[in-house]
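Shown below is the structure under consideration.
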Amino acid sequence: MIRPLSDVAVARRVARDIPDGAYVNLGIGMPILVGDVVGPDKEIVYHSENGILGMGPAPAPGEEDRELINAGKQPVTLLPGGCYFHHTDAFVMMRGGHIDISVLGAFQVSETGDLANWITDLATMPPAVGGAMDLAVGAKRVLVMTTHTTRDGRPKLLPRCSYPLTAAGVVDRVYTDLAVLDVGPAGFVVREMAPGLTRTELQSVTAARLGFPDDVGELDPH
Amino acid sequence: MIRPLSDVAVARRVARDIPDGAYVNLGIGMPILVGDVVGPDKEIVYHSENGILGMGPAPAPGEEDRELINAGKQPVTLLPGGCYFHHTDAFVMMRGGHIDISVLGAFQVSETGDLANWITDLATMPPAVGGAMDLAVGAKRVLVMTTHTTRDGRPKLLPRCSYPLTAAGVVDRVYTDLAVLDVGPAGFVVREMAPGLTRTELQSVTAARLGFPDDVGELDPH
Amino acid sequence: MIDKRVATLADAVAGISDGATVLIGGFGDSGVPVELVHALLDQGARDLTVVTNNAGAGESDVAALIRERRVRTVVCSYPRSMGSIWFEELWRAGEIGLELVPQGTLSERMRAAGAGLGGFFTPTGADTLLAEGKEVRTIGGRPHVFEHPLPGDVALVKAHRADRWGNLVYRKAARNYGPTMATAAALTVVQVEELVELGDLDPEAVVTPGIFVDRVVEVAAS
Amino acid sequence: MIDKRVATLADAVAGISDGATVLIGGFGDSGVPVELVHALLDQGARDLTVVTNNAGAGESDVAALIRERRVRTVVCSYPRSMGSIWFEELWRAGEIGLELVPQGTLSERMRAAGAGLGGFFTPTGADTLLAEGKEVRTIGGRPHVFEHPLPGDVALVKAHRADRWGNLVYRKAARNYGPTMATAAALTVVQVEELVELGDLDPEAVVTPGIFVDRVVEVAAS
């Protein structure tokens, strides 16, 4: 029986790959969870594209400041050592390769590392992109955190994205509720799988062909 | 008899054309004199391309700070309201058209407003340009302050510059020890002349053809 | 004497023409020059092109400007914030234009305008819908999109403190687009929470030098 | 834990390779990282490309590096300062290369490298010798020169204060190239007059956020 990981369990797995001292941007949605589960033994500097380095946790109720919000427009705090800068400089950091790790959500990821995470339907809603494209092209490592399939069970890991791209050939690693996969020269390579899941089962919910090395690890479901 | 104006008298004439409240960059050499003769009734903000707005006069002896120098590398002071910024921003101000007036020296000026003020001889000395090209292309108004001829009497106002250009078609007005001239669509137009100087005499020391409107004024030699 | 302070919000927005391109600061609710936008609403200019990160939300500021049919086109990165109902309604009805620009490119294009540059190549947006119709060049083995400068006729900016020269400091993440927009517009209008005496701002900590600012008006913090 | 402080000048310049491109801050005597350059002299790297505003003067810092035949090429805007005898001597002998770049373009090219841009068009230098061999494009009726990003392997910068995250503030006009060079190099090394505790720098007044800095070393003000 397939037992997908919870969002928090996936976040914990992502957090394990973030080294002490890293400069990290967490995308809106699931990736934000990562900030809550990084251990206190690591000092991580969180970047927000509206002009903050060194973001701390959410403020205590009543302590919110409308001029201190993150890219998701939620109130945050600033740690000692943090600082403010303008938008253009915030994107110098992103585009210029100064962010060590960008964690992004995804609608689709292709086996060549293409990312689609900004729009699914051009007709009924105005298109909106925000900083997604800048985050995808600029970070030293681009990690994607997503459910393995859509809510109605369609695969998100594909030979080729059908949705409009955010950026081409940028994704380094994908963390889903079923597996951790690297994007290599020959496509997706499975590194870890949820406990109890077979290779056949994982391949059956993945449209792209998966590579399985000998030493696939087991994901911690907690 | 031709009585050329002193450098200070030319500087006074330039200063008269600088309106209250202007943002001004004074080039190295003769233009620096302008700062000393602007009247106290005007509040002028001086820009220095190494990252200063609101430069004040030279410090008292013994008060110099090696970290507070102008583009000519001379010690200066900062007025209340002045501020510091980095080099790239200093040139945003210049290239972006934010400086109202740039006063520059010149080796040659052409009748189409070309300016040559950075190099005369490529062979014996290493070429050096500094901020000359940025100052020439970016300011709202480019004023040139120079002697009318070279030390050995050769004209500096020419149909075409023979020295390598600093920038093409940028000069708005030229102030010499003999005349004030605008650069118009039909070439140099004389606005004011040194007292006692005839039109023929002025033309005789100028290689470009001069236009003389009916109302040429007289320069104040003091 | 330089005195950029104006007495009223009406004075601050006086002279903005129909058809103007207006850069409006703010990211979500932070750093939005709400009172200036409301003054622009009262002032009456129409047929505006509005450049801003979001397309307004609820019934206030940019959303109100859109609701009142005063905006012909929005240039922005994320027009689909929570509560951006007016933009969505007019967009669906075909009554308002949208130029969607990745967030970092939006900021960088305004910087290019302020810096007097003719445009730049960026990897952001390459291989995506947002590169369609644009010049693409491979640089360092990677596709780059050519982006044009984006100047404004007017910028409306919110800052924290100003002096009479127009020097500005901001508060926390409210800084966002302000410093860049201030450089990019022919007329930069700023609302501040506090006007201070010349010399009261630390010259090392001025974020927007007064050269980029034309008018400042004090509006008590709400 | 993030701790970018290093104990000695030798630690600060450790690992700089032969053939490296080294960005060196400073304008005239202000903001020059004299002690870091002397440490580089002791460290022994040779065949360097040095990017800096001037080409050194007297027998100190950049001039000493040139005198000791450690520099293959200088990229600068003004190699002809008073006392730049070593550069001039080697240049005349054909023993050192020179790439002359207008000052604002020099700074902007480093910014482009730091910002992850592929290059830009600037009006500076158009119609001059310094545009020879470069792509020229007419934009807005005016010729613009295409300029490439200028990245460094190393940047040597002088600042006033730093904390262990590498956040920097500068002193007066010593700021000059520092903030831009810090963004443009793979390894940014900073000498400061004072190390302070994390949280001691005003987050509104940090000029170079620590993300751009790799090593800081305290050197008492001389």
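Order of writing sets the labels: A, B, C and D. Residues in every chain begin at 1.
The rule is simple: a residue touches a chain if its C-beta (ideal position, glycine included) is under 8 Å from a C-beta of that chain, and two chains touch if they have at least 3 such contacts.
All values reported here derive from a predicted model rather than from experimental measurement.
> Where are there more C-beta contacts: A-C or B-C?
Of A-C and B-C, it is A-C that has more C-beta pairs in contact.
> Taking the mean of the C-alpha atoms as each chain's centre, how many Å separate chain B from chain D?
Here chain B and chain D have centroids separated by 30 Å.
> What whole-Å value do you get for the distance between chain A and chain D if each is reduced to the mean of its CA atoms?
35
> Could you pull out the residues of chain A that touch at least 2 other chains?
Expected reply: 78, 84-85, 91, 94-95, 137-138.
> Where does chain C touch two or more other chains at once, residue-wise?
Expected reply: 108, 111, 115-117, 122-123, 170-172, 204, 207.
> What are all the touching pairs of chains?
Every pair of chains in contact is listed here: A-C, A-D, B-C, B-D, C-D.
> Give the list of chain D residues in touch with chain A in this complex.
So the residues of chain D touching chain A come out as 1-2, 111, 113-117, 163-165, 167, 183, 198-199, 201, 203-204, 206, 209-212.
> Considering the complex alone, what residue numbers of chain A touch chain C?
48-52, 65-69, 73, 78, 84-88, 90-91, 94-95, 114, 124-134, 137-138, 164-168
> Looking at the complex, which residues from chain D come into contact with chain B?
Against chain B, chain D makes touches at 27-31, 55, 77-81, 87-88, 91-92, 98, 100-105, 107-108, 110-111, 122-130, 170-180, 207.
> Using the touch definition up top, name the residues of chain C that touch chain D in the complex.
Going by the criterion above, the answer is residues 108, 112, 115-123, 137, 139-140, 142, 144, 169-172, 202, 204-205, 207.
> Any idea which chain A residues touch chain D in the complex?
Of all residues in chain A, those touching chain D are 20-21, 23, 43, 45, 47, 53-54, 78, 80-85, 89, 91-99, 137-138.
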